[in-house]
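You will see two complexes here that share chain A, one where it goes with chain B and one where it goes with chain C.
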Partner chain A sequence: MNWLGSLRKQETTHARFICVLGLTILALVVTIFLPPVADSQLASGAAITIVILGLSWLIGWSGQISLGNSGFMAVGAYAAGIWAHHHATTPLVFTLLLATVAGAFSGLVVGIPSTRLRGPYLAGMTLAFAAAITPLAQNFTSMTGGEGGLFFNTLTTPKWFLHQFGGINAAINANAQWSADLAVVIAGVMFFFMANLFHSRSGRAMRLVRDNDVAAELMGINLPRTRTLAFVVAAAFAGLGGALFTLLNATVTPETFPLTLSITLLTLMVLGGIGTLSGAVIGGIIYSFSPNLVSYVNSLTGVNPSSNLGANMQGIIFGSLLILTMLFAPRGIAGVGLKIKHSLQSRRKLESVENVN
Partner chain B sequence: MIQKLRRSTTLLSVTALTLGMVSTGLLASNAEASTSTPGVTAKTITIGASVPLSGVAASYAPVSAAANAVFKYVNAHGGVNGRTIKYIRLDDCYDLAAYGLGCTAGASTTTLSQNKVLVAQDHVFATVGSLGTAAEDSVLSYLKQNGVPQLFVASGSRDWNQPSIYPGTFGFQTSYVAESKIFARYINSHFAGQTVGFIGQNDDFGADGYMGLTDGGVSISSANDLSYNAADAISGSTSDIQQDVATLQANKAQVVVLDSVPGFTSGILTVAHMLGYSPQWIISSVGSDPTLVNNVGEAGAISLDYFPAPTNKSDPWVPWVRKVLLADKADFPTFTASSVLTGNEFYGAGYAVAFVEALKAEGKTVTRAGFLKSLKSTTFSTPAITPLKYSSSNHQGLLGGVIATVAPNGTSAPTLVVEPNTTVFTTTNTKSSPIKVSTKLAIALIPSWLK
Partner chain C sequence: MSSFLTSAFMHNIFGGLAQGVIYSLVALSLVIIWQSTHVLNFAQGAMAMLATYIGMTQIDRGIGYWWCLVISVVVGMVFGGVTERVLIRPLYGKPEINPIVVMVGFLGVIEAVATAIWTSTTRNIAAPFSQVFFQSHGNLVYLSPFIIFQVILAVVIMLLVAALFRFTKLGLQLRASALAPEVARLLGVRVNRMLTIGWILSAGVGAIAAVILASGSFGLFPTDMDGVFVAGFIAAAVGGLESPIGAIAGGLLIGLAEQFILAYWSPNVAPLGGIIILVVALMIRPQGIFTRTVGRRV
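The block that comes next holds the complex of A and B.
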């Protein structure tokens, strides 16, 4: 059970499957006990988890910095939104697949030129991509709905699920839990997929390219192809996450995916643990419940939430958390967990060695 | 192999455990079954709204505050059929919280997230007077799915008037299309043959407004049909506005219609002043309130008004609204007997009175279906100067207003709108529907139980 950090190569797909299934079931059980508002927060968090998985792969494993993930999310969201707006009856899976393909395509478009860029130049290019998406969405009005964006039907809760609930708030509770469950299952599937990808041939190639591209090239790895592939996968994940986010919220506008979202995603990834699978899940959970954390801190410190200080509390909390993380735990919360586990393991090994002696 | 087996067993037991928990959890929620309506108890009725209380559109905050004052006033006088009204107003920053801009609602707050709190946590009976076209569009589907009525949406979009798709959604103010049709009639009779220009917000607001003008027979050349992006304020650029005004000046537009929110109205007037350009301004009711626009250049502009002018001595609602606001020190701490009433306060008081009247008409037993039925059959007496009437096919709300003029105020910014005559124009959204003219304000008497 090594899901806390990144899974090891020798662990089989089977083991990974069981880990992810267990985690998913645990999350599903949690949704039963959460109040409906927290359920919908968790649903958005699951969508964000998918995006961070892709980002973690791109930045943590392939070593390419991207500030364009809000843009990839927007591409997926608009693909799903435009489709759902006109074809309300298509199965959800199809809409999500479409958005994933659209996201992947945008990743290809950004990825190809990015093979010639490094570090801040690459960050700048991806930033430009994210910045360009908003005006594009504002302009092709007949398709994107312009400033007002598109709005469509919320996800429908199946009858059999609805019938499990009673009371005057049955529908409200059922709808909230259904959307959370659906998002958790999709995030679980994507987590499994990424866990395997991390340990696949491409995953290993990706790490080698990150650490020493000359060595990688000597070993016969095609650098541009590997780098572009990293973008395509990250963008596909972001597209799917963005689409899920949009379908959960039943609306997409140019304001839904601002540039600042890219920065937020980066922060969440670093807090959770860069380049780790569980870090993405932690990041998603932090995203879900950050409003609760902020109001808790406000009530604890007695700061008026409408004051200037209270309004900026989110930035203050996460800014200081980010600084602390960079100083004391560069691999984030997941990294701390890994460290504890490794020290426990080495102690156990030491003990067994002593026993032999 | 043994390890694999052990894992499979663990998995199986986890699954079994989960299923057990799922069923107990579901049984638990089944047990709390009851037959009453959400938000309604024997003594109270809880309603809510997501409104901008901070951020870019905070100038609209007095709207829901005035409504709250009316509810408090009604509660103090015995409530409605024995129930007091609890009005929960949550700040959604016009659905633009992510941009900051003085928003104190938290960066991840959206109109949808606040509506989820209202519906799933506070269990409101309905949302009443939630504000903003894009903001309320974003919750149409959510509120419908959960069976929550979306009443008196504070926006002139036609989206609230789709009874077959959204049977629980109702607008309140005169639609942008109807308003522009009335402007078109005014332009054709007062400024016939003059060049007309248009600057509209780049969403339903501007699009509907432009449609109303052309439906009403005003021709605007494509060079003079301009739009600005509301998001420009967010990125700190108003280059659209400067170009737009310069274009209209170069094209010698003599009459300019603005479908803009107050902040942009002021920006446009300032740019025009700097360029030495002074056409006849015709400004949508949404963006013309002189105390919000706060710009000397607005003097003499024409607008539409569906509430009484604060100076109107013969309208009983003017002193009534003043009395209600004076009684609510929590929402209006600085309001005094000499403060100027604005359209915002009449607006909030207007829908609050309408809600209370429909609730009273429904009687002692309150259900959502019963309320909507009552809403469609009640003849309202509200502060509005045009009749408010809903039906199965009309969920729009008010249907017109009077032509009003912004009164000059010397070298200071104007504060007052005057209604030079009592001609009321009413019409509906469809192109073919004619504009009805009545020469008498439809001033409704205050019901005795509200006095």
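The block that comes next holds the complex of A and C.
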């Protein structure tokens, strides 16, 4: 993962593009060999990666703490879901674009008042937003399907793909592989987009606002606009990720986006590394294989997975991981990787200095 | 007069105030922690829930209501003190996101553990007060002996907290270490101990709110306090997180607002009421309605 972390040093968009392309192709090749269950887990993980990218941008780069990203996900998911429910033949790109715009709009609505809030106030405000959005879905039943949710089937595997991969695997395998490939490609595009945004003019402005808002204002940066923009981008990413997540599962209900999802997102981001691109990918991979992790812990501790404790094991593991990471390695896995890399580099430098002497 | 008492309007006033005192207690507990350690405790509701569940297990063993109340509060206080020592103390001086993230993680652990032990079903504590509404000339007045008890209990707790802060030496030390820790330390106040005491007090107040909720007609389930925490936070934020009076007034305001939205629109829209109040309040006075300190304006 080190070479991913070093993306920030390679200044050219060109190099960045090749890195992302290589990683995406690698993931696509991997999906050929994964069993269908793992493929669909990977697909959800790719959708979650997009959300974490936005969250990492918001918390890590603009320094605004949001616990409301499950709410932004829900907005995008319902926008896509309501559209896909009525117009099943719409091209996927259009549905996803609609969800992204809807997410961005909700980010604008939450972002504008948030320019006046800091730290804990902001965290509480966004938490209140996430808590209020799910009951809303239950209120407008005629549109959202209420408690039972909406069903749709828009992700049809194209014929050429079935032809290509259906021969080796069964059709189910090819379907799972198609959705995984689709999600990976979209995640790759969004990763590339975010990598450029991190190093763009607004990305640098964002970091300055985070580190010293007075200095930023003196340099002519419009603080409210920059802060709101951070929210809009993060919410657009969350809306897209949420929409992809529900389209993959072919259903959206109010229970898809509980408050605990915000905690899960925060855990994955912190675990991967706040404000790092590679951290978002690490978080997404961890999410993909968290069911395996949970069942491994269950078998390790001898807990029956269908028992009450087994059903809540994921919450216990993720919550504990969040606490432990924050207390002992607040930079996350990507941060630890960077540290190792830097210490190796400095040792190498020392050695070369000694050689000169 | 009697027709006024039984009107739909007064029904909503009583219902809103009854819910509002619970929010006020949670908001007050958040303000106590905020004043002592400048941490917004996102696990406050979950900690209170867990303490109440432990109290409820003792009720199963045959103890009375009052002992259950006492046990819940004592367990909650111990819990608060231990949390401050173990989870929060290592984080002083770190960026403000760190304690937020840790407490959010703690919230997740507590709720998962509580659901694992007690399942997600609702549980009640049988209070020694009737839940049956009073009547006036054959019409219902939406007040029951239990609601009156819950309001009186909340007010007594608030007065006790106020008296502690205002009239005792401990309260003076608590206020001193919140206002100017360095000076307080030089003058011989054991500031670290005061921070722990702040958390203990706060967790006790929170536990009372959860016990009241559990004794009410709707009972308590493991994630029940999420919504109460959000409402309590909004109440505290409207008051500015610094002012106990503001927190209490804010709690009543949120309770009334939710009740009226619930009655005249839909219960599903009620959580939005709090957000709208928060946004409007912060637009008018970003530093909180009841604070005298000047907030940062950048």
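Following the convention adopted for this analysis, the second predicted complex is superposed on the first by the 326 of 357 C-alpha atoms of A that agree within 3 Å, B and C clash if a C-alpha of one lies under 4 Å from a C-alpha of the other, contacts with A are read in each partner's own complex, and residues count from 1 in each chain.
By definition in this document, a contact is a pair of C-beta atoms (placed from the backbone, for glycine too) under 8 Å apart; a residue touches a chain by one contact, two chains touch by 3 or more.
Remember, predicted model here, so these are calculated numbers, not experimental data.
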Chain B versus chain C as contact partner of A:311, first or second or both or neither: both
Partner chain in contact with A:200 - chain B first, chain C second, else both or neither: neither
Contacts of A:345 with chain B and chain C, given as first, second, both or neither: neither
First (chain B), second (chain C), both or neither touched by A:260: both
First, second, both or neither for A:217, with chain B first and chain C second: second
Touching partner for A:251 - first (chain B), second (chain C), both, neither: first
Touching partner for A:138 - first (chain B), second (chain C), both, neither: both
Partner chain in contact with A:292 - chain B first, chain C second, else both or neither: neither
First (chain B), second (chain C), both or neither touched by A:320: second
Residues on chain A lying within both footprints (that of chain B and that of chain C): 138, 260, 311, 314-315
Contact footprint of chain A on chain C as seen in their complex: 34, 39-40, 42, 87, 90-91, 94, 96-98, 100-102, 104-113, 115-117, 119, 223, 226-227, 230, 233-234, 237, 241, 266-272, 274-275, 278-279, 282-283, 286, 296, 298
Of chain B, residues touching chain A in the complex: 4, 7-8, 10-11, 14-15, 18, 21-22, 25-26, 29-38, 54, 95-96, 98-99, 102-104, 106-110, 112-113, 116-117, 119-121, 123, 133-134, 137-138, 140-142, 145-147, 201-204, 229-231, 234
Touch list for chain A against partner chain B, complex: 14-15, 18, 21-22, 25, 28-29, 32-33, 35-37, 40-41, 134, 138, 146-149, 151-154, 156, 164-173, 175-176, 249-251, 253-255, 258, 260-261, 287, 290-291, 294-295, 305-307, 310-311, 314-315
Chain A - residues contacting chain C, complex: 59, 65, 67, 113, 116-121, 123-125, 127-129, 131-132, 135-136, 138-139, 213-214, 217, 223, 259-260, 263, 266-267, 270, 274, 308-309, 311-316, 318-323, 326-327, 330
